[in-house]
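You will see chain A twice below: alongside chain B first, and alongside chain C after that.
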Partner chain A sequence: MRIGVLSGKGGAGKTMMAVNLAAAGERAVYIDCDVEEPNGRLFFRPEGVTAQAVRTKLPEFDALKCTGCRKCVEFCRFHALVYIKEKPMVFEEVCHACGGCGLVCPSGAVMERERPVGQVERGRHREVEVITGVLNPGEASGVPVIRAALKAGASIGGLTIVDCPPGSACTVVESISNVDYCLLAAEPTAFGMHNFQMVYELAVLLGKPCGVVINKMDGPYPPLEDFCRENGLPILLRIPYRRRLAQMAAEGEIAVERDRAAAVVFRRLLERIGGGG
Partner chain B sequence: MKIAIPVEENRKDVCASFGRAPWFLFYNTDTGEKTWMENPAAQSQGGAGLQAAQFVADQGSGAVITVRCGQNGAEVLRAAEISIYRGDEAEAEDCLRAFEENRLELLTRFHAGFQGIQ
Partner chain C sequence: MKKLLVLSGKGGTGKTTAAGAMIRFARAGASADCDVDAPNLHLVAGVGGQPERKRFIGSEKARINPAVCVGCGRCAELCRFQAIGEDQGAFQVREHACEGCGVCAWACPVQAVTMEEDKAGEQYLYREARVFSTARLKMGRGNTGKLVTAVKLDMMKGAPEADFAVIDGSPGIGCPVMASISGVDLVLIVAEPSLSGRSDLERLLDTVEGMRARAAVCVNKWDVSPENTAGIMDLCRMRNIPFLGKIPYDRSASDAVNKGITLAEIDCPARDALYHIYEQVSQLLALPSANLE
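Entry: the complex of A and B
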């Protein structure tokens, strides 16, 4: 079973939940798709780490064949291409490597070369295979690195926990493209609620079954509870706002390995989702 | 020579953003003629600075007067051999006057971009 852990806003507890779910499973694969800031490895401190570069394609132009028709410039919706002084120019960090410029070029003037955009690390923490996507700073899109990280995880199989990037953009769509279940980390605040609704809409749009974990709960927040009830969305767990939990997180400790009660709670959460074995 | 200035909806005030200005004012220093054109990059999802710079270059501009400009936009303008002047005046008219009186300085610092619609 593949479980994606998402939230609309950062700091809602995605990584804490994903790491603990993976650690609560008897054997699991943890894939960190939050490639701009992959933090799962800070908790797992994986051993035997190997890294593989992720490359994407970048267009190059054959000046002899280019007729200056600008079809490529017009096609590029990211505006990574400009045509100045009768020469096409490409802006590497803006290019999403879609290959479209090569397809629309009527004179075959576009060639492609590869360039590194990040890497996928693979290591182990006890029974957890830890896969970490790392995007190079300044890159426009994390999608190629996420794709490579997911592929590395898919080759292992079994219980797989996908720690998604925050928000509801393309990188999140890519991260949950193949999950069987979406676990939504929600914060009981107006801001948290707004972003929670956005990821919920996305998960529904992609036809994914969802469940909610309310994190950092310091009291009931009726709008969130009402929303879940009205939409038939199960609230699987309410995690209280506790100093001890925050402290464990800040020290990079995995709660289920340090705290018996946490181990029971996350084991049960996994069973309710259906990934318990 | 043609000078391009990013301007606000009222077409008079200088717009602080180069890439996302709603309009560009083009002033021809030889004929004194002014034309306003909508900036095709104003609502662009990304790469607005690049697209705006392409547009300004395509209009045959020789100079841009702007409050600020991103690195990518600046690189395109540089490749097109378009000078980038710093305009601190509130109104485009005053920027043009300052230009004609040789009071403008070249913009030398370019920001890293704001990535998306602000």
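Entry: the complex of A and C
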């Protein structure tokens, strides 16, 4: 079973939930797809970490073969190419590596070289296989790194927890493309509610079954509970705001490994979702 | 126009709460929400009236006409984004994966593929109380950097005479964040005193410095971990980045949000800390004078 943990709004407790779910499973794979800010590894402190570079392609132009026809520049819909000083030049950050320039070049002047954009780290914490996608600062798109991290996890199989990026853009779609279930972390505030509705809409659009965990409850927030009831969305767990919990998260401690009650709660959550067997 | 951008790296550290307070303290003539796939600032920005709406066209998307397609599979073979799927000989574009490069349309031997405009979101410009530019990205769309730039441009065009603008950014360090950083005068980073918050702060500082923009840091909910707060202050000292202050954990913050007002309008310790930060921001930006209420 593959479970994606999402939230829309950042800081709702995605990583805390994903890490504790993975640690509560008998044997699990944890995949961090929040490649811009990967934090699961700070909780797991995995051992025996190996890293593999993630690369995308980038065109290079052979000045001897280039006839200056500019077909490549005209083809590029991302405006990543300009013709300057008698030859095409590429803007690395804008290039989507679609390969179109090479296809349309009539004189075979376009070659491609590989360019690192991030890495996938793999290590172990007790019974959890910890896979982390890390995007290099300055890179525009995390999608290739997310794909590589998911692929590394797919080769292991079993109970898999995917920690997603915040928001509701293409990186989230990529992260949950293969999950069987979406666990939505919601924060009971007007901000949290607004982003929660957006991400719920996305999960529904992709046809994923969903359940909700309300985090940092500090008194009742009826609009969220009403929304869940009206949409037949099960609230699987309510976690109160406690300074002790915030401090554990701040220090990167895994609650289910420190606290018997937390272990029971997350084990039960996993069973309700259907990943506990 | 002096532009202040509020970022955080990690999500949920209090970016929007801080941005809302800055707008109010400064009575900023212009503001924008660049967190286009999870926008929230409009909930507290004190905007009035109906916004002007505008469609945002992102990249194009490919469409395969099944009546023309001969099923050769050349498009699927060349697509680098695994955006073309086959179901019993019928080829279809997976719209979320398609980046609109046009390779499939170029490769199709029978012209079954067309490239079509795709509405990737909607922009909103409020003018009544003050100029506020925001947008909402359509579910699962990419191109957020382009939309972020459009939101900022609309804000500047909408309030050409404003001398101070506050922009709320998105979490992370990717394309939308970089697009929001370009052209601002100061990036105020709201950090969280946790191992995650610190790690995210460092990655964000690398990104901001890589773009040669100016950064300053404050810590929110500092009393959750005084040790990590001290660590972040050391980090700022080492990297020679101004540290502007510490905001305590304050329940009033979520109360304010739920009432649809900024923290600046509630008398509480977090407001005082934010005001102190605002004063330093005005000094760093050499704003004419603090517009106190």
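By our rule, the second predicted complex is superposed on the first by the 241 of 277 C-alpha atoms of A that agree within 3 Å, B and C clash if a C-alpha of one lies under 4 Å from a C-alpha of the other, contacts with A are read in each partner's own complex, and residues count from 1 in each chain.
Quick note on the criterion: a contact is a pair of C-beta atoms (placed from the backbone, for glycine too) under 8 Å apart; a residue touches a chain by one contact, two chains touch by 3 or more.
Keep in mind the model is a prediction, meaning the values are calculated, not measured.
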item	value
Touching partner for A:Glu121 - first (chain B), second (chain C), both, neither	neither
Partner chain in contact with A:Ala140 - chain B first, chain C second, else both or neither	both
First (chain B), second (chain C), both or neither touched by A:Lys85	first
Chain B versus chain C as contact partner of A:Leu103, first or second or both or neither	second
Partner chain(s) touched by A:Arg77 [first = chain B, second = chain C, both, neither]	both
Between chain B and chain C, more extensive residue contact with chain A	C
Overlap of chain C and chain B interfaces on chain A (superposed complexes)	77-78, 140
Residues of chain B that touch chain A when the two form their complex	41, 44-48, 50-51, 53-54, 57, 72, 75-76, 79-81
Residues on chain C engaged by chain A in the complex (per definition of touch)	8-13, 16, 35, 37-40, 43, 59-60, 78, 80-81, 96-97, 99-103, 106-107, 115, 137, 139-142, 144-145, 170-175, 177-178, 192-197, 199-200, 203, 206-207, 210, 221, 224-225, 228, 249, 251, 254, 257-258, 260
Sites on chain A touched by chain C in the complex	7-12, 15, 34, 36-37, 39, 42, 75, 77-78, 93, 96-100, 103-104, 135, 137-143, 165-174, 187, 189-191, 194-195, 198, 201-202, 205-206, 218, 221, 243, 246-247, 249-252
Touching residues on chain A, where the partner in the complex is chain B	73, 76-80, 82-85, 89, 91, 94, 140
